[in-house]
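Right after this note come the structures.
Common to both upcoming complexes is chain A, partnered first by chain B, then by chain C.
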Partner chain A sequence: MMLFWTLLFPLILATLFNLAFSHLLDEEQFINAKVAVVEINENRDFNNVLDELSKDSQNQLLDIQYTTLDKAKELLNNDSIDGYLVIDKDIELTINKNGIAQTIIETVVDHYYSTLNTYHNIYELNPQSIVNDIFKDANRDYFKEENVNHSDLTVVYFYTLIGMNCLFGGFSSITLSTKMEGNLSRQGTRIAISPLPKYKIFLSTSLAIFVVHYAKMLVLLAYLIFGLNVSFGHQLSYIMLLMAIGSIVGISLGNCICCLLKTSEDTKVSVGSFISILCSFFAGMMIIDMKYLVLEYFPLAAYINPVSLITDALYSLYYYTTYDRYFFNILCLLLIAFVLSFISIIGMRRKQYDSI
Partner chain B sequence: MIVFKNYLRIAKTYIHIIVIYSVIFIGISVIFSLNNSQNNTNYIKENVNIAFIDNDHTQFTSCFKDYINDNATIIDIDNDEESLKDALFFRKVDYIMIIPKSFTNDFIEGKDVSIQTMQVPDAYNAIYSKNLMNKYLNTAHIYLRAGIRIDVLSQKVKEDLSIKTKVHMNDPVDNTDLNSVASFYNFSNYALLAIIIVVVSMIMVSFHKINIRKRNLVSALNYKYLHFQLLLGNVVVSLLIWFIYVFMSFILYSHVMFSIHGLLYILNSLCLLMFILTFSFFVTKLTDNRELISGISNVVSLGCSFLGGAFVPQEYLGHFVLNIAHITPSYWFIKNNNMIASLCEFNFDTLLPIISCMIIVLLFSLFFYILSVVFNKMRSNAI
Partner chain C sequence: MNVIEVKNLTKRYNHLIALDDFCLKVKEGEILGLLGPNGSGKSTCINTILSLLKYDQGSIKIFNQDMTPNRYDLKANIGVVFQEIAVFDELTVKENIDYFCGLYIKDKKKRESYVNDAVKLVGLQEFLKFKPQELSGGLLRRLNIACGIAHKPKLIFLDEPTVAVDPQSRNHILEGIKILNEKGATIIYTSHYMEEVESLCHRIVIMDKGKVIASGTNDELKNSIKLSERIGIVLDNINDNLINYFNCLESVIKVEVRDNIIYISYKSKGNNIGQVMDYLNQHHIKYDRLYSERPTLNDVFLELTGKELRD
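Presenting the complex of A and B:
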């Protein structure tokens, strides 16, 4: 069963994420606004504007068809166009719903009118300048664009999944710690009377759990990279280091739960999974904005949440070219692992039974 | 009805799980349905979020900022690279605009100036919004060439650009609440699957312990009657959980729920409930391992919800995913909810597709009922 939760379940969840989110960002891509034009009165200037904007180019804003009013209404009702313009004395726009395409059409008409107004104003202000062709060069682009690379938002879902699975390493340590308790299992009784120091037992079992869990994490990583083609940037060794530290945090969390709670194994596992899911929630696994909101308003909550730290480290490897943020997250994770292990060792030492 | 009574007695011990689950899920459903609703009655300009970094601080740039604020939303973000890039990645802003030092002077003198922007490649919003900003600067540029005084420049530009086209909204239908209710019920697909499979199968497993099964089989009680009582117990418990959900929808969206739309949502959800019921019954015939049951419950509920479109709306899912989703009842249930939301008139033609979807979901439940009867027979023979 342990194998299911820590290996199969993340793989299934990753596959579901991949299926559900693969088309999520398509909506962001550039498409042009489809508009029908109904001419009741001819307006040459405006037609020129429309022609200019519907020219076949990379940034073609409008896709235009001239038609009759009835036909335009029909097209709008079928959702084949985003809206239609009626050119009479004024130009009026009719739409079905709100959206960016509708806004673009409206903006085009707004621009036409405002240019007209500018023209009149200038004519009053300085009639001479009209002759000087000041409208030349009136469509300059003042923006110098810099596109950011690696901007696929959905990768964060997969990163939270890795974070969650790191914490799931705690399940194994809960099971094992329970087996080592003198009062809970015969095996534990035997270990309790053995002359071996507690820290040695603690470290050797933890190491064994770590090796097994880390192997599962690598399977998950391999599946994400080769099976689902999730982007991780190019720093594979950094990611593997992060996963190792994440697994250590998960295992120490399991140990810590065992030392602090004196209840049945089932309850401990429930507490462990509750903490993991809660951390994943605040790292953005269910609602991606959550990660940003927490970072913005309660940064401290993000620094003590291991899933959030792991997610953020992976995100910084993917999105940033520098490593400062990555190492800061690693440092926080190491601190958390140290604190949790310290608590568990304090809880374990000097435990003695007069009689079991 | 001794078996039935016993069933309810065991169900009582699970009441805390039911309550905790319901509270969490209903909480999430409400957030979810609020998140997905949008207003469709008035024309509203598309909102573009911009991070505006002004390194020049002149009257001209502050007027420019006012103009941006009228046509978009300026989001305040700390002026350090990390905060800006984070905001861009999480789509808190559509693009970042950085006005360089001495921009105003260079602009007035007619030098070749430019504003640096950072954006996600090919973002629709950014391209549109830059057109708007270019318009402002180009208009200002024309006035400058015509020899306008600097102090009236911004006012003139603003005047020209404040002309607005008349926009008509075709047949405004207020389906904001209908969509919210649809999202609420869509999410219930996950919640109901997750809670009911766990609760019903946990109770049923208690009846499957080998000694109890043997005792039941040798008792005078007819095997079919026993089977019927267990099923009745399942029905009562599932109806109870389902009722909590429906009750919440009445509290949240009372005016939609007290209409034909509301009735259709309830009927549709009842069909799904039938499926969940027979499916959980079937799961307990497969295995008695509690951990395995909770695994199956998680995988089935999450799987159906992701594929069927309970989390990500169906229109955003790829064709491939939707094709697979056809084999889950969740797909038909959610598709039906969305159809109900867009229903304007009620006659045979408009209701037919909705009823067919319900029938498909019911066929799924019939299928699993038959399977569970067959499995049950096989297992009884095995003892």
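Presenting the complex of A and C:
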């Protein structure tokens, strides 16, 4: 069961996220309008416009072929083209049906004419505005373009998943701490009467949990990067450091729950699950805007929520070029881990009990 | 030398007194039986001696030194077998014994030899690769014991180790305990089963409500009470004349009738059974069976407290 929740469940959830969000930012598949152009009289300006709109780029709207009138008619009848333009004194469009492609071609021609008319009117009625535009261009501020990643809010969901999985390390520490504590299990009683100091047991157990849990985190990360192509930028070492510290926070949280609550192991695991899910919710896992609402109205809550800190650190690595925000989040996480570990040590250091 | 010396030990759970001015001495090399009904304080006594439980007053010495939670040197020579099974379900039989032995013995080769000895002692050679959930109750108890004694401690606490165990496993366990004692271990053995305690223990301490109410060897305890012999007669026709006759006999404490059996309790030893046989033969009273038995520890407990040992 532990293996499912800490390894398989995050992988399944990541897959579901990917299925739900992967095509959100894909632009709709656009098919260029096929146009034949019959040039009876040369119109250099319009030809330039057509060349620009048929260039192989993000702005391509048209597929153009220059041909004769008869050939153009034949192509239209065969539905090999969406319409043909006859460039003479005027520009005439011929189509045989209505559709998106035909509308696009029509729009291009209409827009050309309306733009042309507009500029003619400006030159005739207000030539001063042309001069003003020239001066404006001369005084423009130029900004250096930064090489930043394309903004993609859907990665937040995957980042919160990493944050949540860090906290899932607490499940293992709850289970093992229960088995190590003298008044919580008979195995713990056996260990308590052994000549092994408690701090050694605590450290070795925590280290073992960390190694196993971190390995699971690496599996998740590898799956996200290579399996689902989730973008994390190019700072893998920083991400791995963040995951290590996040795992420590999760393990410390589990130890803390174990020593503070005097209930069964199942109840403690339930409390751990609840805290993880709650933190993930407020970090924006279910509703992405929640993260921003918390930052706006309860900023302190964002700084004590480990999932929020991990998500924010990952996002800052992805989106920013400086590390200030990243290291600030790291510091907050370390502080949380310290506080939780301190509470755990205080609670677990006792060697005698009131009852067993 | 006294391996354990407990003086005036008192342990309270709120208003309940679990141990009430409890005193105990255990000599080196002896098997001490700790007998008492449920709730008498046997487990509390063991857990307190082991420094697992806090106590309100008194002193505890083990191997002539004050016992505290930090006395790892003393803990290194103590082994405990709890009443509840205390093994890891995820590990095999051998791995469990090796794990718990490893808490005491760091040297790998030495530990391996100790583990093999423990396996032989409890007879689990064929089950080394089994997981605990694959073992029967009796085998699980044997595993539990092996985990507690693998490191060859000088002092062993066994808290009801044969509960719910089949007769074969029980015999194996009792034999194993005797072997441990022969090899020099001092053993504290708690149990509900008087027969085990009577057969195994050199000395017996009877507890009730956190106090020691009697202590001594098997014979000493039985000789300390009024009852010295009980004669049982199994017969079909039990009439009042018969009962009245036996009641009037000298040194008879009481006569009871249960399920067609007359029980005659005598306070002194003598030719009691001969006397009964003579009477039955003279009056031509036919009987199925006639037997004599010594008092049990339950009788000792009953006389001291007015209640049965098995409540």
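In the analysis below, the second predicted complex is superposed on the first by the 226 of 356 C-alpha atoms of A that agree within 3 Å, B and C clash if a C-alpha of one lies under 4 Å from a C-alpha of the other, contacts with A are read in each partner's own complex, and residues count from 1 in each chain.
Rule of thumb we're sticking to: contacts are C-beta pairs under 8 Å (C-beta built on N, C-alpha and C of every residue); 3 or more make two chains touch, one makes a residue touch a chain.
All values derive from a computational prediction rather than experimental measurement.
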item	value
Contacts of A:H111 with chain B and chain C, given as first, second, both or neither	first
First, second, both or neither for A:P197, with chain B first and chain C second	second
First, second, both or neither for A:N48, with chain B first and chain C second	neither
Partner chain(s) touched by A:S231 [first = chain B, second = chain C, both, neither]	neither
Touching partner for A:G182 - first (chain B), second (chain C), both, neither	second
Which superposed partner A:S264 touches (first chain B, second chain C, both, neither)	neither
Partner chain(s) touched by A:S80 [first = chain B, second = chain C, both, neither]	neither
Which superposed partner A:T68 touches (first chain B, second chain C, both, neither)	neither
Touched chain A residues, chain B compared with chain C	B
Contact residues of chain A, present in both the chain B and the chain C interface	none
Residue numbers on chain A that touch chain B, as the complex places them	1, 4-5, 9, 12-13, 16-17, 19-24, 26-31, 59, 61, 76-77, 90-100, 102-104, 106-107, 109-111, 113-115, 117-118, 121-122, 125-126, 129, 132, 134-135, 137-148, 151, 153, 286, 288-289, 291-292, 295, 315, 319-320, 325
Chain A residues touching chain C - in the complex, by the definition given at the top	179, 182, 185-187, 189-197, 351-356
List of chain C residues in touch with chain A within their complex	13, 47, 50-54, 69-70, 72-73, 75-76, 78, 80, 82, 84-88, 100, 103-104, 147-148
Touching residues (chain side chain B, partner chain A) in the complex	28, 38-40, 43-46, 82, 85-92, 97, 113-125, 127-128, 130-135, 137-139, 141-143, 145-148, 156, 159-171, 291-292, 295, 298-299, 302-303, 306-307, 311-312, 316-318, 320-321, 324
